[in-house]
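Sharing a structure here in structure tokens format.
All chains are identified by letter, namely A, B, C, D, E and F, in their written order; residue positions are counted from 1 within each chain.
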Amino acid sequence: MTHKTELSRFELGLAKLAEVDGKVGEEVVAPLGDLGKYVIEFAFGDIYQREGLSLREREIATVAMLTVLGRETQLRVHINAALNVGLSAEEIEETIIQTVPYAGFPTAINGINILKDVVSEVHG
Amino acid sequence: MTHKTELSRFELGLAKLAEVDGKVGEEVVAPLGDLGKYVIEFAFGDIYQREGLSLREREIATVAMLTVLGRETQLRVHINAALNVGLSAEEIEETIIQTVPYAGFPTAINGINILKDVVSEVHG
Amino acid sequence: MTHKTELSRFELGLAKLAEVDGKVGEEVVAPLGDLGKYVIEFAFGDIYQREGLSLREREIATVAMLTVLGRETQLRVHINAALNVGLSAEEIEETIIQTVPYAGFPTAINGINILKDVVSEVHG
Amino acid sequence: MTHKTELSRFELGLAKLAEVDGKVGEEVVAPLGDLGKYVIEFAFGDIYQREGLSLREREIATVAMLTVLGRETQLRVHINAALNVGLSAEEIEETIIQTVPYAGFPTAINGINILKDVVSEVHG
Amino acid sequence: MTHKTELSRFELGLAKLAEVDGKVGEEVVAPLGDLGKYVIEFAFGDIYQREGLSLREREIATVAMLTVLGRETQLRVHINAALNVGLSAEEIEETIIQTVPYAGFPTAINGINILKDVVSEVHG
Amino acid sequence: MTHKTELSRFELGLAKLAEVDGKVGEEVVAPLGDLGKYVIEFAFGDIYQREGLSLREREIATVAMLTVLGRETQLRVHINAALNVGLSAEEIEETIIQTVPYAGFPTAINGINILKDVVSEVHG
């Protein structure tokens, strides 16, 4: 019988964070102290490593949520993550357009503007 | 050159609503008057009929959004819709678990309880 | 030079509450203890008695806000209040429809359903 | 029998957008692609062109909603719109003060600060 | 050098859940499957067992948050928890009143009504 | 029999504002006109001067609320207030970490980053 130790959840999470977010994620998490540790262990070590949905599907859900919640700093991170796990800019735009019937235009407009920023940075 | 007319957006939307939500959607929309007309024309005739994401992906985004927004009546409708377009109960559970890092446990707990209700109704 | 005293803010608020909400307001506020006192003194004695917008305009703003915030118990109270200060059911419906571009369909659908309930109670 | 075509909803919406927001609206919508098309067709071509409330009343509702939702970029646009359709700065201030009992001071403080910015730009 | 294992986080969390919420917590968490496991391991095994704030202070923060977020099912659980860790009904009322300047009356009114329910159940 | 007059609520509130927020509060409130008067009279003259919770406990509740509501300007003010009434930076960090189970990581990350800013300003 084996147990995942704290160490392995952290390591597992760090590897998953790199897979999902690339370097951007690590830069966001590093200065956060214990909170950053929980992002890595719980969000990435526990939740993102689960089976049952692909990373592509997890990022569709996440981009939609962060758009409607208006969490713009994290939306920027996860638009990069979505590109990183294989969504096209057009599919991310489509995900943001899908939020309109459920949360209206203002949060979607902010989302599209962040998407345009990210795409022009990536191509710039 | 052809134009989609108002009539065709409504008809297109009605067909898409049936495809996505089955009968439940029509029952929700029918008594809403002009608001129901816009749900059909705009949400289903304009947005849901777009290409670029599958219905399965649109429902993953929608279940995640409605969970974190705490819109429980509509979440119930869209959990049925998600089952209807081919997501398994396990994948819907997974989508709700994916919301925890972004919006915490309370809305996810409410989401899981609604999912359990819907599943037991479907099987009951 | 005159000062409004605490007593007069409470009395002023109580009169304004009756003008705006009729009996429903008093029933909601009475069991709330100190919180109810602040509703009367601050919300009605300070804010609602201000000039610059008509009661009709204040209720348009309030119905819109409570709809998008999803505060259903208070929305019910203020749909009654809106009818009470002279808005028609059609104008209240129109106010709720105006929320859709800003906050999406789910909160508007809940709002319309509460409006229908209130109207059928009033006419029942 | 006549149908409004897609084209006419867009044209109707564009004219209504200019009536409500002046140039600011067009600048916000132009770079948004399909999302901007829906803002024009649905928000302005369908919703804002409805009868039943005056533009003045629609902007009172909209300023109140955007204040409590904390959507600051769009609040700035709609404070300009409110001035444009005939509300005075004092009436907009009054609308923002009306939000306090329903959503507290922080969003109202942000709203008043944006109003002050807009007024000083207009007069600057 | 020692590691907390997964097992010990779960056990630690279960003991903390009992300390905070009494039986009510366990009843809420038990039917939730993997989500319930994360409530126990992460919310109670990781967060609630931290030093730096007393349980009393954590429940003051939690009652305030759940009130303003409008999460009524969980607020009911945590009003019980707050009583359980030593807050008086008057202190919980005071915590809810403290939310008014930050989120307005509607969520506070809902909070006070839940508090009154819980107190009458406890004394009933 | 004595009445608190409007004047005394304002004076009481102004003294309490200085006790809680130091100079920062006054700078925020001064340019707000009537809204600023209500912040002083109602938030500080009525609510903050109540007994039943210590200022330390009121700021724990307030930091938690403003974090989960994402009201960043006011969170900055109240992190200063929390330091001012005797909370340590570590206790404020702990309060922000306590929000994660209830509202997720994005608002907590924003909160921690504001805390780090405030602490480096205070020490800078």
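For this structure, a couple of remarks:
In the analysis below, a residue touches a chain if its C-beta (ideal position, glycine included) is under 8 Å from a C-beta of that chain, and two chains touch if they have at least 3 such contacts.
The chain lineup, named per UniProt: A, B, C, D, E, F = Carboxymuconolactone decarboxylase family protein.
Given the structure is predicted, the values throughout are model-derived calculations rather than measurements.
Counting steps between touching chains, the shortest path from subunit A to subunit D takes 1.
The chain pair with more C-beta contacts between its two chains, of B-D and D-E, is B-D. For subunit B, the chain with the farthest CA centroid is F.
Residues touching across the subunit C-subunit E interface largely differ between the two copies, under half of the numbers being common to both. Farthest chain from subunit D (centres taken as the mean of C-alpha atoms): E. Averaging C-alpha coordinates per chain places the centre of subunit B 40 Å away from that of subunit F. Between subunit A and subunit B, the centres computed from C-alpha atoms are 22 Å apart.
Subunit A and subunit E have centres, each the mean of its CA atoms, that are 28 Å apart. Subunit A and subunit F have centres, each the mean of its CA atoms, that are 31 Å apart. Within subunit B, contacts with two or more other chains are made by residues 38-39, 42-43, 47, 66, 69-71, 74, 93, 97, 99-103, 105-106.
Subunit F makes touch with subunit E in their complex at residues 39, 42-43, 47, 50, 52-53, 57-58, 60-66, 68-69, 71, 74, 90-91, 93-95, 97-103. The residues of subunit E lying in touch with subunit B in their complex are 28, 31-35, 38-39, 43, 66, 69-71, 73-74. Per the touch definition, subunit D reaches subunit F in the complex via residues 70, 93, 96-97, 100, 105-110, 112-113, 116.
The touching residues of subunit A, when paired with subunit E in their complex, are 3-7, 9, 38, 42, 46-47.
For subunit F in complex with subunit B, the touching residues are 99-106.
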